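As written, the chains take the letters A, B, C and D, and residue 1 is the first residue of each chain.
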Amino acid sequence: MESGKLNNMVLEIYKGGVPVMDVLNRWYDEFKLEGYGAMIPFIGIVRPDNGIDGLSFDLYLPLLTKWFEKWQNLPDCKITMAHSFGDVMVGETSFLCAVYTKHRREGFKYLEEFVEDFKANAPIWKYDLKNGKRIFASDRAKPLPQSGILK
Amino acid sequence: MESGKLNNMVLEIYKGGVPVMDVLNRWYDEFKLEGYGAMIPFIGIVRPDNGIDGLSFDLYLPLLTKWFEKWQNLPDCKITMAHSFGDVMVGETSFLCAVYTKHRREGFKYLEEFVEDFKANAPIWKYDLKNGKRIFASDRAKPLPQSGILK
Amino acid sequence: MVSVEFLGPIQIDKKEFDVKSVRELKDELYKIPELEDWLISCAIAVNDKIIESLDTPLKDGDKVVLLPPVCGG
Amino acid sequence: MVSVEFLGPIQIDKKEFDVKSVRELKDELYKIPELEDWLISCAIAVNDKIIESLDTPLKDGDKVVLLPPVCGG
(Lines give C-alpha, C1' and ligand atoms only; values in the text may rest on other atoms or scores of the structure.)
Protein backbone atom coordinates (compact mmCIF):
# COMPACT_ATOMS: atom_id res chain seq x y z
CA MET A 1 0.00 0.00 0.00
CA GLU A 2 1.25 3.44 -0.97
CA SER A 3 -0.39 6.15 1.03
CA GLY A 4 -0.51 9.74 -0.14
CA LYS A 5 -1.05 11.88 2.93
CA LEU A 6 -1.07 15.60 2.13
CA ASN A 7 -2.62 17.92 4.67
CA ASN A 8 -4.65 15.29 6.41
CA MET A 9 -5.65 13.70 3.13
CA VAL A 10 -6.60 10.09 3.16
CA LEU A 11 -6.05 8.54 -0.26
CA GLU A 12 -4.91 4.95 -0.37
CA ILE A 13 -3.70 3.11 -3.44
CA TYR A 14 -3.50 -0.69 -3.49
CA LYS A 15 -1.89 -3.12 -5.87
CA GLY A 16 -4.79 -5.50 -6.57
CA GLY A 17 -8.14 -5.55 -4.79
CA VAL A 18 -8.80 -3.09 -1.97
CA PRO A 19 -8.99 -4.96 1.38
CA VAL A 20 -12.41 -3.44 1.96
CA MET A 21 -13.11 -4.52 5.50
CA ASP A 22 -9.65 -3.74 6.86
CA VAL A 23 -9.82 -0.26 5.39
CA LEU A 24 -13.41 0.41 6.49
CA ASN A 25 -12.62 -0.85 9.96
CA ARG A 26 -9.65 1.49 10.24
CA TRP A 27 -11.63 4.47 8.90
CA TYR A 28 -14.55 3.77 11.22
CA ASP A 29 -12.29 3.56 14.27
CA GLU A 30 -10.52 6.74 13.25
CA PHE A 31 -13.65 8.84 12.73
CA LYS A 32 -16.36 7.39 14.94
CA LEU A 33 -15.68 9.76 17.82
CA GLU A 34 -15.24 12.91 15.73
CA GLY A 35 -18.89 13.88 15.79
CA TYR A 36 -19.94 12.54 12.41
CA GLY A 37 -23.39 11.00 12.68
CA ALA A 38 -23.33 9.44 9.24
CA MET A 39 -20.61 7.45 7.53
CA ILE A 40 -21.59 6.43 4.01
CA PRO A 41 -19.13 4.20 2.17
CA PHE A 42 -19.33 3.33 -1.48
CA ILE A 43 -17.95 -0.08 -2.42
CA GLY A 44 -17.30 -0.69 -6.11
CA ILE A 45 -17.23 -4.44 -6.71
CA VAL A 46 -15.97 -6.05 -9.92
CA ARG A 47 -18.99 -7.68 -11.57
CA PRO A 48 -18.84 -10.95 -13.52
CA ASP A 49 -19.91 -9.24 -16.76
CA ASN A 50 -19.17 -10.25 -20.36
CA GLY A 51 -17.26 -13.29 -19.22
CA ILE A 52 -14.41 -11.28 -17.70
CA ASP A 53 -12.11 -12.76 -15.07
CA GLY A 54 -11.54 -9.33 -13.59
CA LEU A 55 -10.56 -5.78 -14.33
CA SER A 56 -7.18 -4.10 -14.36
CA PHE A 57 -6.30 -0.47 -13.75
CA ASP A 58 -3.60 2.04 -14.53
CA LEU A 59 -3.59 5.30 -12.66
CA TYR A 60 -1.56 8.47 -12.73
CA LEU A 61 -0.90 9.26 -9.10
CA PRO A 62 0.33 12.89 -9.36
CA LEU A 63 -2.95 14.05 -10.92
CA LEU A 64 -5.11 11.65 -8.93
CA THR A 65 -3.69 13.15 -5.76
CA LYS A 66 -4.35 16.69 -7.00
CA TRP A 67 -7.87 15.80 -8.02
CA PHE A 68 -8.57 14.23 -4.65
CA GLU A 69 -7.09 17.19 -2.79
CA LYS A 70 -9.92 19.39 -4.07
CA TRP A 71 -12.31 17.33 -1.97
CA GLN A 72 -10.37 17.79 1.25
CA ASN A 73 -11.53 21.24 2.25
CA LEU A 74 -15.27 20.85 2.60
CA PRO A 75 -16.54 22.64 5.69
CA ASP A 76 -19.08 19.98 6.64
CA CYS A 77 -17.80 16.72 5.18
CA LYS A 78 -14.76 14.49 5.30
CA ILE A 79 -14.00 12.08 2.45
CA THR A 80 -11.60 9.13 2.32
CA MET A 81 -10.82 6.95 -0.65
CA ALA A 82 -8.97 3.82 -1.71
CA HIS A 83 -8.39 2.57 -5.26
CA SER A 84 -6.62 -0.33 -6.91
CA PHE A 85 -4.04 -0.49 -9.63
CA GLY A 86 -3.17 -3.67 -11.47
CA ASP A 87 -5.49 -6.66 -11.56
CA VAL A 88 -8.69 -6.95 -9.52
CA MET A 89 -10.65 -10.16 -9.84
CA VAL A 90 -14.43 -10.61 -10.02
CA GLY A 91 -15.96 -10.19 -6.57
CA GLU A 92 -13.08 -8.03 -5.37
CA THR A 93 -13.31 -4.29 -4.81
CA SER A 94 -11.42 -1.78 -6.94
CA PHE A 95 -12.88 1.45 -5.55
CA LEU A 96 -13.83 2.30 -2.00
CA CYS A 97 -14.67 5.68 -0.60
CA ALA A 98 -16.57 7.00 2.38
CA VAL A 99 -18.12 10.33 3.28
CA TYR A 100 -18.51 11.44 6.88
CA THR A 101 -21.02 14.13 7.78
CA LYS A 102 -22.86 15.30 10.84
CA HIS A 103 -26.28 14.62 9.32
CA ARG A 104 -27.36 12.14 6.68
CA ARG A 105 -28.69 14.53 4.05
CA GLU A 106 -25.43 16.28 3.21
CA GLY A 107 -23.84 12.84 3.24
CA PHE A 108 -26.09 11.59 0.43
CA LYS A 109 -25.40 14.76 -1.55
CA TYR A 110 -21.62 14.69 -1.15
CA LEU A 111 -21.32 10.98 -1.85
CA GLU A 112 -23.09 11.31 -5.16
CA GLU A 113 -21.20 14.47 -6.16
CA PHE A 114 -17.89 12.94 -5.21
CA VAL A 115 -18.40 9.65 -7.03
CA GLU A 116 -19.68 11.38 -10.18
CA ASP A 117 -16.70 13.75 -10.13
CA PHE A 118 -14.43 10.77 -9.62
CA LYS A 119 -15.91 8.97 -12.62
CA ALA A 120 -15.53 12.05 -14.82
CA ASN A 121 -12.14 13.32 -13.71
CA ALA A 122 -9.97 10.79 -11.91
CA PRO A 123 -6.98 9.85 -14.13
CA ILE A 124 -7.58 6.10 -14.07
CA TRP A 125 -7.78 3.64 -16.95
CA LYS A 126 -9.74 0.41 -16.88
CA TYR A 127 -9.09 -2.84 -18.74
CA ASP A 128 -11.05 -6.06 -18.97
CA LEU A 129 -9.16 -9.23 -18.10
CA LYS A 130 -10.38 -11.91 -20.45
CA ASN A 131 -8.73 -15.15 -21.52
CA GLY A 132 -5.42 -13.94 -20.13
CA LYS A 133 -5.56 -10.66 -22.07
CA ARG A 134 -5.77 -7.08 -20.81
CA ILE A 135 -8.18 -5.17 -23.07
CA PHE A 136 -8.79 -1.41 -22.69
CA ALA A 137 -12.43 -0.82 -21.70
CA SER A 138 -12.94 1.80 -24.40
CA ASP A 139 -16.74 1.43 -24.31
CA ARG A 140 -16.79 2.64 -20.69
CA ALA A 141 -14.08 5.30 -20.95
CA LYS A 142 -14.88 9.00 -21.27
CA PRO A 143 -12.63 11.81 -22.46
CA LEU A 144 -11.65 14.20 -19.67
CA PRO A 145 -13.57 17.50 -19.73
CA GLN A 146 -10.38 19.32 -20.83
CA SER A 147 -9.75 16.99 -23.75
CA GLY A 148 -10.08 17.99 -27.37
CA ILE A 149 -7.47 20.73 -27.63
CA LEU A 150 -5.38 18.54 -29.93
CA LYS A 151 -8.21 18.24 -32.45
CA MET B 1 -28.90 -11.04 17.91
CA GLU B 2 -32.45 -11.80 16.88
CA SER B 3 -32.75 -12.28 13.18
CA GLY B 4 -36.04 -11.90 11.35
CA LYS B 5 -35.69 -13.82 8.12
CA LEU B 6 -38.90 -13.81 6.08
CA ASN B 7 -38.69 -14.69 2.42
CA ASN B 8 -35.04 -13.93 1.99
CA MET B 9 -35.33 -10.83 4.17
CA VAL B 10 -32.24 -9.65 5.96
CA LEU B 11 -33.20 -7.61 9.01
CA GLU B 12 -31.01 -7.91 12.06
CA ILE B 13 -31.83 -6.54 15.49
CA TYR B 14 -29.11 -6.16 18.12
CA LYS B 15 -29.23 -5.45 21.83
CA GLY B 16 -26.78 -2.55 22.12
CA GLY B 17 -24.53 -1.24 19.37
CA VAL B 18 -24.52 -2.94 15.98
CA PRO B 19 -21.19 -4.77 15.41
CA VAL B 20 -20.74 -2.79 12.20
CA MET B 21 -17.70 -4.46 10.74
CA ASP B 22 -18.79 -8.04 11.49
CA VAL B 23 -22.12 -7.39 9.85
CA LEU B 24 -20.69 -5.54 6.84
CA ASN B 25 -18.10 -8.24 6.37
CA ARG B 26 -20.76 -10.94 6.34
CA TRP B 27 -22.99 -8.97 3.95
CA TYR B 28 -20.10 -8.24 1.60
CA ASP B 29 -19.07 -11.89 1.49
CA GLU B 30 -22.64 -12.94 0.90
CA PHE B 31 -23.33 -10.58 -1.99
CA LYS B 32 -20.02 -9.82 -3.67
CA LEU B 33 -20.42 -12.53 -6.29
CA GLU B 34 -24.08 -11.88 -7.06
CA GLY B 35 -23.42 -9.35 -9.79
CA TYR B 36 -23.94 -6.17 -7.80
CA GLY B 37 -21.38 -3.59 -8.86
CA ALA B 38 -22.18 -1.17 -6.06
CA MET B 39 -22.67 -1.79 -2.37
CA ILE B 40 -23.52 1.38 -0.48
CA PRO B 41 -23.80 1.05 3.29
CA PHE B 42 -25.14 3.73 5.58
CA ILE B 43 -23.65 3.76 9.07
CA GLY B 44 -25.51 5.79 11.70
CA ILE B 45 -23.08 6.62 14.49
CA VAL B 46 -24.15 8.02 17.88
CA ARG B 47 -22.76 11.56 18.04
CA PRO B 48 -21.47 13.15 21.27
CA ASP B 49 -24.16 15.88 21.18
CA ASN B 50 -25.71 17.81 24.07
CA GLY B 51 -23.51 16.04 26.56
CA ILE B 52 -25.19 12.68 26.08
CA ASP B 53 -23.48 9.44 27.02
CA GLY B 54 -25.40 7.58 24.35
CA LEU B 55 -28.82 6.87 22.93
CA SER B 56 -31.31 4.19 23.75
CA PHE B 57 -33.99 2.65 21.54
CA ASP B 58 -37.29 0.85 21.79
CA LEU B 59 -38.65 -0.83 18.73
CA TYR B 60 -41.79 -2.69 17.80
CA LEU B 61 -40.59 -5.67 15.83
CA PRO B 62 -43.88 -6.89 14.26
CA LEU B 63 -44.40 -3.60 12.44
CA LEU B 64 -40.71 -3.00 11.81
CA THR B 65 -40.57 -6.33 10.02
CA LYS B 66 -43.64 -5.49 7.95
CA TRP B 67 -42.27 -2.09 7.07
CA PHE B 68 -38.95 -3.59 6.01
CA GLU B 69 -40.64 -6.30 3.98
CA LYS B 70 -41.96 -3.65 1.60
CA TRP B 71 -38.35 -2.99 0.54
CA GLN B 72 -37.61 -6.61 -0.27
CA ASN B 73 -39.20 -6.86 -3.70
CA LEU B 74 -37.33 -4.26 -5.70
CA PRO B 75 -36.45 -5.59 -9.14
CA ASP B 76 -33.03 -3.98 -9.31
CA CYS B 77 -31.88 -3.53 -5.71
CA LYS B 78 -31.28 -5.57 -2.59
CA ILE B 79 -31.38 -3.95 0.85
CA THR B 80 -30.14 -5.25 4.19
CA MET B 81 -30.48 -3.58 7.56
CA ALA B 82 -29.43 -3.87 11.19
CA HIS B 83 -30.72 -1.79 14.12
CA SER B 84 -30.16 -1.65 17.85
CA PHE B 85 -32.50 -1.75 20.76
CA GLY B 86 -31.49 -0.76 24.28
CA ASP B 87 -28.47 1.41 24.97
CA VAL B 88 -25.94 2.48 22.34
CA MET B 89 -23.01 4.56 23.52
CA VAL B 90 -21.40 7.54 21.78
CA GLY B 91 -19.21 6.32 18.90
CA GLU B 92 -21.20 3.13 18.51
CA THR B 93 -23.57 2.45 15.65
CA SER B 94 -27.32 2.11 16.13
CA PHE B 95 -28.40 1.86 12.49
CA LEU B 96 -26.70 0.13 9.61
CA CYS B 97 -28.10 -0.61 6.21
CA ALA B 98 -26.71 -1.34 2.78
CA VAL B 99 -28.11 -1.22 -0.73
CA TYR B 100 -26.76 -3.44 -3.51
CA THR B 101 -27.33 -2.52 -7.13
CA LYS B 102 -25.78 -3.34 -10.47
CA HIS B 103 -24.88 0.27 -11.17
CA ARG B 104 -24.14 3.14 -8.84
CA ARG B 105 -26.90 5.56 -9.83
CA GLU B 106 -29.86 3.47 -8.72
CA GLY B 107 -27.87 2.72 -5.57
CA PHE B 108 -27.71 6.41 -4.61
CA LYS B 109 -31.40 6.78 -5.31
CA TYR B 110 -32.53 3.73 -3.36
CA LEU B 111 -30.27 4.44 -0.40
CA GLU B 112 -31.72 7.90 0.06
CA GLU B 113 -35.31 6.74 -0.47
CA PHE B 114 -34.88 3.85 1.92
CA VAL B 115 -33.27 5.87 4.71
CA GLU B 116 -35.85 8.66 4.43
CA ASP B 117 -38.67 6.13 4.52
CA PHE B 118 -37.01 4.48 7.50
CA LYS B 119 -36.82 7.80 9.36
CA ALA B 120 -40.46 8.57 8.64
CA ASN B 121 -42.03 5.15 9.14
CA ALA B 122 -39.95 2.69 11.14
CA PRO B 123 -41.59 2.06 14.55
CA ILE B 124 -38.57 2.95 16.65
CA TRP B 125 -38.28 5.33 19.59
CA LYS B 126 -35.13 7.15 20.59
CA TYR B 127 -34.00 8.32 24.02
CA ASP B 128 -31.01 10.33 25.17
CA LEU B 129 -28.87 8.77 27.87
CA LYS B 130 -27.76 11.58 30.13
CA ASN B 131 -26.58 11.47 33.73
CA GLY B 132 -27.90 7.96 34.09
CA LYS B 133 -31.37 8.93 32.83
CA ARG B 134 -33.24 7.77 29.71
CA ILE B 135 -35.04 10.81 28.24
CA PHE B 136 -37.37 10.51 25.22
CA ALA B 137 -35.91 12.50 22.30
CA SER B 138 -39.17 14.31 21.64
CA ASP B 139 -37.44 17.11 19.70
CA ARG B 140 -36.31 14.60 17.06
CA ALA B 141 -39.43 12.42 16.96
CA LYS B 142 -42.06 12.75 14.24
CA PRO B 143 -45.63 11.49 14.22
CA LEU B 144 -46.20 8.63 11.80
CA PRO B 145 -47.98 9.65 8.58
CA GLN B 146 -51.11 7.77 9.70
CA SER B 147 -51.25 9.55 13.08
CA GLY B 148 -53.90 12.05 14.00
CA ILE B 149 -57.02 9.93 13.81
CA LEU B 150 -57.48 10.18 17.58
CA LYS B 151 -57.63 13.98 17.45
CA MET C 1 -62.14 -7.63 25.14
CA VAL C 2 -59.59 -5.72 23.08
CA SER C 3 -56.03 -5.43 24.36
CA VAL C 4 -54.27 -2.09 23.97
CA GLU C 5 -50.52 -1.67 24.22
CA PHE C 6 -48.78 1.70 24.53
CA LEU C 7 -45.44 1.68 22.76
CA GLY C 8 -42.16 3.51 23.19
CA PRO C 9 -42.14 6.42 25.60
CA ILE C 10 -45.76 6.11 26.75
CA GLN C 11 -45.35 4.83 30.29
CA ILE C 12 -48.65 3.04 30.65
CA ASP C 13 -49.17 -0.69 31.08
CA LYS C 14 -51.15 -2.72 28.58
CA LYS C 15 -54.91 -2.47 29.15
CA GLU C 16 -58.10 -4.22 28.02
CA PHE C 17 -61.25 -2.50 26.81
CA ASP C 18 -64.71 -3.72 25.90
CA VAL C 19 -65.22 -1.72 22.70
CA LYS C 20 -66.59 -2.40 19.22
CA SER C 21 -64.67 0.16 17.15
CA VAL C 22 -61.64 2.42 17.25
CA ARG C 23 -64.07 5.31 17.72
CA GLU C 24 -65.36 3.75 20.93
CA LEU C 25 -61.80 3.01 22.01
CA LYS C 26 -60.87 6.65 21.43
CA ASP C 27 -63.49 7.76 23.97
CA GLU C 28 -62.07 5.32 26.52
CA LEU C 29 -58.51 6.45 25.90
CA TYR C 30 -59.40 10.11 26.47
CA LYS C 31 -60.46 9.13 29.99
CA ILE C 32 -56.81 8.34 30.87
CA PRO C 33 -55.17 11.62 31.95
CA GLU C 34 -51.56 10.49 31.32
CA LEU C 35 -52.47 9.77 27.69
CA GLU C 36 -53.89 13.15 26.86
CA ASP C 37 -50.70 14.63 25.47
CA TRP C 38 -49.93 11.57 23.37
CA LEU C 39 -53.22 10.79 21.67
CA ILE C 40 -53.23 13.42 18.94
CA SER C 41 -49.77 12.39 17.73
CA CYS C 42 -50.25 8.63 17.86
CA ALA C 43 -50.87 6.22 15.02
CA ILE C 44 -52.94 3.11 15.69
CA ALA C 45 -52.34 -0.45 14.61
CA VAL C 46 -54.95 -3.19 14.87
CA ASN C 47 -53.48 -6.69 14.77
CA ASP C 48 -50.21 -5.15 13.57
CA LYS C 49 -51.73 -3.29 10.67
CA ILE C 50 -51.78 0.49 10.85
CA ILE C 51 -55.32 1.77 10.35
CA GLU C 52 -56.52 5.06 8.93
CA SER C 53 -60.13 5.27 10.02
CA LEU C 54 -61.89 5.69 13.36
CA ASP C 55 -64.62 3.46 12.01
CA THR C 56 -62.38 0.42 11.99
CA PRO C 57 -64.36 -2.28 13.82
CA LEU C 58 -62.82 -4.11 16.78
CA LYS C 59 -63.72 -7.57 17.94
CA ASP C 60 -62.94 -9.77 20.90
CA GLY C 61 -59.26 -10.71 20.96
CA ASP C 62 -58.07 -7.87 18.72
CA LYS C 63 -54.70 -6.44 19.59
CA VAL C 64 -54.34 -2.67 19.36
CA VAL C 65 -51.07 -0.75 19.67
CA LEU C 66 -50.58 3.00 20.00
CA LEU C 67 -47.49 4.30 18.20
CA PRO C 68 -46.23 7.69 19.38
CA PRO C 69 -43.89 9.83 17.19
CA VAL C 70 -40.91 7.83 15.94
CA CYS C 71 -37.23 8.45 15.46
CA GLY C 72 -35.08 5.56 14.39
CA GLY C 73 -31.43 5.55 13.38
CA MET D 1 13.79 19.30 -24.58
CA VAL D 2 10.27 18.56 -23.39
CA SER D 3 9.44 15.03 -22.21
CA VAL D 4 6.11 13.56 -23.23
CA GLU D 5 4.55 10.58 -21.55
CA PHE D 6 1.59 8.63 -22.92
CA LEU D 7 -0.66 7.34 -20.16
CA GLY D 8 -2.97 4.39 -19.75
CA PRO D 9 -3.78 2.39 -22.85
CA ILE D 10 -1.54 4.36 -25.27
CA GLN D 11 1.21 1.88 -25.94
CA ILE D 12 3.99 4.33 -26.80
CA ASP D 13 7.19 4.91 -24.85
CA LYS D 14 8.01 8.27 -23.36
CA LYS D 15 9.54 10.65 -25.94
CA GLU D 16 11.38 13.98 -26.01
CA PHE D 17 10.59 16.89 -28.31
CA ASP D 18 12.25 20.24 -29.01
CA VAL D 19 9.16 22.45 -29.00
CA LYS D 20 8.20 25.83 -27.55
CA SER D 21 4.44 25.45 -27.13
CA VAL D 22 1.71 22.86 -26.97
CA ARG D 23 0.73 23.96 -30.50
CA GLU D 24 4.17 23.01 -31.78
CA LEU D 25 4.01 19.75 -29.84
CA LYS D 26 0.65 18.97 -31.43
CA ASP D 27 2.21 19.10 -34.91
CA GLU D 28 4.93 16.68 -33.80
CA LEU D 29 2.43 14.31 -32.21
CA TYR D 30 0.39 14.11 -35.41
CA LYS D 31 3.48 12.70 -37.11
CA ILE D 32 3.19 9.52 -34.99
CA PRO D 33 0.78 7.15 -36.76
CA GLU D 34 -0.07 5.06 -33.67
CA LEU D 35 -1.24 8.23 -31.91
CA GLU D 36 -3.69 9.38 -34.52
CA ASP D 37 -6.75 7.75 -33.01
CA TRP D 38 -5.94 8.95 -29.52
CA LEU D 39 -5.11 12.62 -29.99
CA ILE D 40 -8.59 14.08 -30.36
CA SER D 41 -9.79 12.46 -27.15
CA CYS D 42 -6.76 13.22 -24.98
CA ALA D 43 -6.34 15.87 -22.33
CA ILE D 44 -2.89 17.35 -21.76
CA ALA D 45 -1.09 18.10 -18.53
CA VAL D 46 2.05 20.19 -18.33
CA ASN D 47 4.03 19.61 -15.15
CA ASP D 48 1.02 17.78 -13.73
CA LYS D 49 -1.42 20.59 -14.35
CA ILE D 50 -4.12 20.02 -16.96
CA ILE D 51 -4.01 22.82 -19.54
CA GLU D 52 -6.82 24.20 -21.66
CA SER D 53 -5.00 26.14 -24.39
CA LEU D 54 -2.80 25.16 -27.33
CA ASP D 55 -0.90 28.37 -26.71
CA THR D 56 0.52 27.12 -23.44
CA PRO D 57 4.28 27.74 -23.70
CA LEU D 58 6.72 24.89 -23.11
CA LYS D 59 10.28 25.23 -21.90
CA ASP D 60 13.27 22.99 -21.50
CA GLY D 61 12.65 20.34 -18.86
CA ASP D 62 8.86 20.59 -18.94
CA LYS D 63 7.04 17.32 -18.42
CA VAL D 64 3.97 16.72 -20.57
CA VAL D 65 1.51 13.87 -20.17
CA LEU D 66 -1.27 12.79 -22.54
CA LEU D 67 -4.39 11.52 -20.78
CA PRO D 68 -6.72 9.36 -22.88
CA PRO D 69 -10.39 8.78 -21.87
CA VAL D 70 -10.71 7.68 -18.25
CA CYS D 71 -12.80 5.17 -16.36
CA GLY D 72 -12.05 4.67 -12.70
CA GLY D 73 -13.95 2.66 -10.14
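In the analysis below, a contact is a pair of C-beta atoms (placed from the backbone, for glycine too) under 8 Å apart; a residue touches a chain by one contact, two chains touch by 3 or more.
Note that this is a predicted model, so its numbers are computed, not measured.
Farthest from chain B, judged by the mean position of CA atoms in each chain, is D. Each chain gets one centre point, the mean of its Cα atoms, and the points for chain A and chain D are 25 Å apart.
Distance between chain centres (mean CA atoms), chain B to chain D: 50 Å.
Here the spacing of chain A and chain C, counted between their Cα centres, is 50 Å. Looking at chain B, one finds that residues 44, 104, 115 touch two or more other chains. Contact with two or more other chains is made by residues 73 of chain C. Chain pairs that touch, as defined above: A-B, A-D, B-C.
Partner chain A is touched in their complex by these residues of chain D: 7-9, 22, 26, 29, 39-45, 48-54, 65, 67-73. Within the complex formed with chain B, the residues of chain A that make contact are 20-21, 24-25, 28, 32-33, 35-49, 90-93, 102, 104, 107-108, 111-112, 115. Touching chain D in their complex are the following residues of chain A: 44, 57-60, 62-63, 66, 83, 94-95, 115, 118-127, 136-138, 140-151.
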